[in-house]
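These are the structures, in structure tokens.
Each of the next two complexes has chain A plus one more chain, namely chain B in the first and chain C in the second.
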Partner chain A sequence: MDEQRFAIGLLLPGALWLLLLFAVPLGILLAISFGYTDDLGTAIYGTRLDNFEQAFDPVFLPVLLRSVGFALATVVLCVLIGYPVAYYIAVFGGRFKNVLIALVVLPFFVNYLVRTYAWIAMLGDEGLVNGVLDRNVQFLNTPWAVIGGLVYGYLAFMILPIYAALDRMDPALREAGKDLYGGPWQTFRYVTWPHTLPGVLAGTVLVFLPAVGDFVAAQLLGGPDEYMVGNLIQQQFFAAENWPFGAALTTVMMAFLLIWMVLYLRAAAREAREAAA
Partner chain B sequence: MSPGWEGRLDRRELLRAAGLALGTGLAGCALGDTTRGSLEDTRKPFKKAVDGDLVYFNWAQYVDPELLAGFEKRYGVKVRESNFDSMPAMLAKLRAGIAYDVIFPSAEFTQRLISGHFLREIDHDKLKGSDTVYAEFAQPWYDEGSKHTIPYTMYATGLGYRADKVSGLTGSWRDLGNADSGSRSFMLDDFQEGIGMANLVNGHDLNTTDEGELDESLDYLVDLKPKLRGITSDTVTSMTSGNAWLQQLWNGDLVNIRNQVDNPEDYKFQKCKEGIPVGNDTFAIPVNANHPGTALLFIEYMIEPENAARNVEWIGYPMPYQGGPTEAFEGLVADDPSINVTAKDLENGHQFRNLRGEGRLAWDRAWTEFKVS
Partner chain C sequence: MSTTETRPGTPGPAADAEAGARPAPPPRDFDRPRFLKVFTGVFFLVLFAPIALVVLFSFNSSRSLQNFEGFSLRWYERFFENEALRDSLIASIEIALLTMVVATALGTLLAYGLVRARVRFSGALNVLLLVPLVTPEIVAGVSALLLFTQVGLELSLTTIVLAHITFSISYVTVVVRARLASLNPEVENAAMDLGATRLQTFRLITLPALWPAIVAAGLLVFALSFDDFVMSFFTTGESPQPLPVRIWSAIRFGVTPTINAIGTFMLTVSVITIGLAIALPRLLGRRESGLGVLLGRENA
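Moving on to the complex of A and B:
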């Protein structure tokens, strides 16, 4: 009982924090999505549904599909780049493990926006890379630049959970795979990969969610045709001064992501259980 | 009460009840204040004297920092600076009730703030140097009788271009899509400037809200879009990085671009023949300012000829004051005087007005449609 009271005591500050700075703003967001604006651009609470009707306008569908496409491409690239990095650090990092992980996290000491600006300086038509290559490649204002920026921005969110999964894995399992005459690929395919799948899934969620709602990469690195849902929402709040419509778009987006995430996680968890069995 | 309340309260009914409570409980309430203070509050007199530190609220890098330091030194006060990154963000902070002593709203936002009783009246007679303001600002459209504000800067929108790279310019806004810019044309990421430009190209009033005319402007923008490389308001980055050779921009940003490149003489400004938007920002004191006296001293300090001259050279935007600042800016753009905003531009230029209700929504819809097209 004492232990339970202790646990509740520890829970309290965090719970209050979440309630005040997460649940309440979310409630305001939901409430304002039924509202409208006055002439001064002030959002007024109401009980209207027209913001939601507008949010389901099919003109926004391409923007949503593009955002999901960019985010999926980001996830795939993050797995392809992040898994080998995590694998190398976990298996061969030795006493440098912690240093290497710190290096992975290091860029996060600098704000994402600032790092993205650095990409402009590097990849601009008269930027560093074109200078070194002595070429004139238009890297920026392309879908590739946006996806690249997203991968750069969120890669660590993929590396860390995969690393944690690999680090927890008993090396004896891999050795057992070899003892049973499994080659490196077979050992990876039938032993390591299934064991680290939960880490990959966690990384997928951690990368996909911020990437699909991101607006910085598209705004700074994209061209006119890389407009994402995040840009659309940001525009409603900061340019159009239409907070209610922005809030409705956000609500629809959250509901959409929540449904897919729940379905995905349930399917993925089942697969992971079956793979482990 | 709904029948659900009589039986077992299941989850769905609870949700519906919660939703209803959320909506109806707050219906009609505003998120933040729609007005601040009363008309009398805005007229309360105050002395031009130090009454505390200066709580300063502005765009970042929009006053020479050495002038802020100089003000601190002269009056023995601290300048406590915070920044906004858009006019709506500034308004949101004011609506939330945060007290600032001096702010720098655009003309449109000045008008909106005045209509909501957000601004303190300023006695121009008390303000030394206020007689050097250009005559065009004696009766500004946004502030009847100039009672609440005094102008800060002026700006004009045009096309900035690399004279060493771009060919085929004709003096028209259409050059943005038609001139040979090596696929390096950029447009401002600004709904007013975007739709405004299209309105001018099509020969409509800058501020038209006519449905047919806006449709025409939207068509023009949608056709222009594939010819653009990007849409950005960070024109200093786009042009200095070499990504943009032809860019819709504000004149002052071109001055800042020229300050950062090795070949400033190649960066030129085109005032387009269909007409250009011109505008201005103002100095204003919010009605809930705790130190209006210090704020008034600050405004007076900023429009002193030598300080204003120094400031225009640092920020790159002209200030509508005769003498020092005018000469300083003319010197700054001596090789391309078109970068300046002249009295003639103020007279012939087109000014963005506040759109209300349906008109405003129509502009927003058109801009969103352009972006998602």
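Moving on to the complex of A and C:
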């Protein structure tokens, strides 16, 4: 009992902090999204649905859909690029495994803005590639530039869980696949892929969630035609000064992402239970 | 096949046990698909090329991003002689240090409490802990901004620190909890049987065993806070603004070599911090590497 009180006493400050500075603000966000602005642009609480109607209005709906589309394209590219790399490191990395995985992680600790900026320096009109090619190819301000920026930004979140899944997998399983006359493709299709699918799904969620909400890539690498919901939200808070509408857009996005979060957290909890058992 | 030889089970000599934890048969060269090797090579090339470009051209003597015309430190001088930028740098370091100290303390205690306490609402607590990790930063940033304006807190470095601590606690707790779960609670019980008070046990038994995880998590938080843009962007006051917010405003006016210098400087700070996070647990005399601690694994 005494031990109980000691443990609870220790967890209380952190738990309260998260409650007051994370959960409560989400509540405020939700409350304000039903509000409106007065003539001075101040946000007033209310019970209106206008902001949500506006969010799905034909002017803004394409932006929401584009965000999901870009994020999905990012996920697919991350799997296509990340899986082979994770596979090579996990299976053939040998004693360099840790070094290689550290090299994968390292660039992701370089500031995201600086990394995105680096692509402008590479691909911009006066960038290195156009200098080397000695012509003027327009790479930036295209959807692919934004998707490329997102892939470059979040790829590590895909590689790490796939790598972890491959690393945990008993190599004897692949050997068995080969012993049973499975070709490389069949062994991959029926043994390796199903075994690492949880890792791929974890990576999918970990990439998809931040990619949907990103506004840096679209702002720096794209133009207004590539704007995502993050740009729209940011505009409502800093340029348009329509906080209730910005809050409603954020709420819509969060509600959509919540489904993915729940799936991910349940899978993570199941894995933790299995690891404990 | 020879794979049966490496099956674990029979206790061998210590060295053998260490190497045999994961019995990977040495890959034979004909097994190694050429395609994968090339693909991974190209991947690393593309991964590092833009960063290498920024670093290289930060030392360029001209403004050009296409021709390297000679070595010079003039862009670094620009950076450090600019008072506003210097203030931003100092602000960023202050924010990261404060965030590191508070978040590491709160997160470690939270981890301990979560593992040792049996509470009815532990499921809800777990959700409260994990959701910040998967919430897009823009959502957390917007909500923090709304909270601060609703309670009438003026936006300043303080609000940034409060916001940074919030998203950092979860990282610390997850890293420390993984480590804590691998400790044998019997050791704590033994200490208390031998007359140590609960606090003494925590200080003399539990904390020392957790040090590698705490140090690694703290440094990770420092790096994340120092690099953070989105949370800072939504919670910053007028001045001084942290460095990433400064970079954001500058980039929108175009590419300038000074940004190369700032970027290279920030990159150096991050790499040193993460390098320490990986190396320090080793230097503290532990066998495991910080990388394994950070990834929540026993052997890495």
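Just so it is clear, the second predicted complex is superposed on the first by the 239 of 277 C-alpha atoms of A that agree within 3 Å, B and C clash if a C-alpha of one lies under 4 Å from a C-alpha of the other, contacts with A are read in each partner's own complex, and residues count from 1 in each chain.
Heads up, the rule we're going with is that contacts are C-beta pairs under 8 Å (C-beta built on N, C-alpha and C of every residue); 3 or more make two chains touch, one makes a residue touch a chain.
Keep in mind that what you see is a predicted model, and the values were worked out from it rather than measured.
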Partners on chain A (chain B, chain C) - clash or fit: clash
Partner chain(s) touched by A:94 [first = chain B, second = chain C, both, neither]: second
Residues of chain A touched, compared between chain B and chain C (which is higher): C
Touching partner for A:146 - first (chain B), second (chain C), both, neither: neither
Touching partner for A:126 - first (chain B), second (chain C), both, neither: both
Contacts of A:81 with chain B and chain C, given as first, second, both or neither: second
Touched partner set for A:106, first chain B, second chain C, both or neither: second
Touching partner for A:207 - first (chain B), second (chain C), both, neither: neither
Contacts of A:172 with chain B and chain C, given as first, second, both or neither: second
Touched partner set for A:115, first chain B, second chain C, both or neither: second
Which superposed partner A:62 touches (first chain B, second chain C, both, neither): first
Against chain C, colliding segment of chain B, chosen among 2-10, 38-46, 92-100 or 146-154: 92-100
Overlapping contact positions on chain A, where the chain C interface meets the chain B interface: 28, 32, 117, 120-121, 124, 126-127, 219-220, 237, 243
In the complex with chain A, residue positions of chain B that touch it: 22-24, 26-34, 86, 88-89, 91, 95, 112, 115-116, 183-184, 189-191, 225-226, 228-232, 234, 237, 241-243, 356-357, 361, 364, 367-369, 371-372
Residue ranges of chain A touching chain B (in the complex, touch as defined): 27-28, 30-32, 34-35, 38-47, 59-60, 62-63, 117, 120-121, 124-127, 138, 140-141, 219-220, 222-225, 227, 231-232, 235, 237-243
Complex contact set, residues of chain C against chain A: 1, 3, 22-27, 32-33, 36-37, 39-40, 43-44, 47-51, 53-54, 57, 65-67, 106-107, 109-110, 112-114, 116-119, 125-132, 134-140, 142-147, 150, 162-163, 165-166, 169-170, 173, 181, 198, 223, 227, 229-230, 234, 244, 247-248, 251-252, 255, 259-260, 262-263, 266-267, 270-271, 273-274, 278, 289, 291, 295, 297, 300
For the chain A and chain C complex, residues of the former touching the latter: 2-4, 6-15, 17-19, 21-26, 28-29, 32, 81, 84-85, 87-89, 91-92, 94, 98, 101-107, 109-115, 117-122, 124, 126-128, 130-132, 152, 160, 164, 167, 171-172, 175, 179, 184, 205-206, 209-210, 212-216, 219-220, 230, 233-234, 237, 243, 246-247, 250, 253-254, 257, 261, 264-265, 268-269, 276
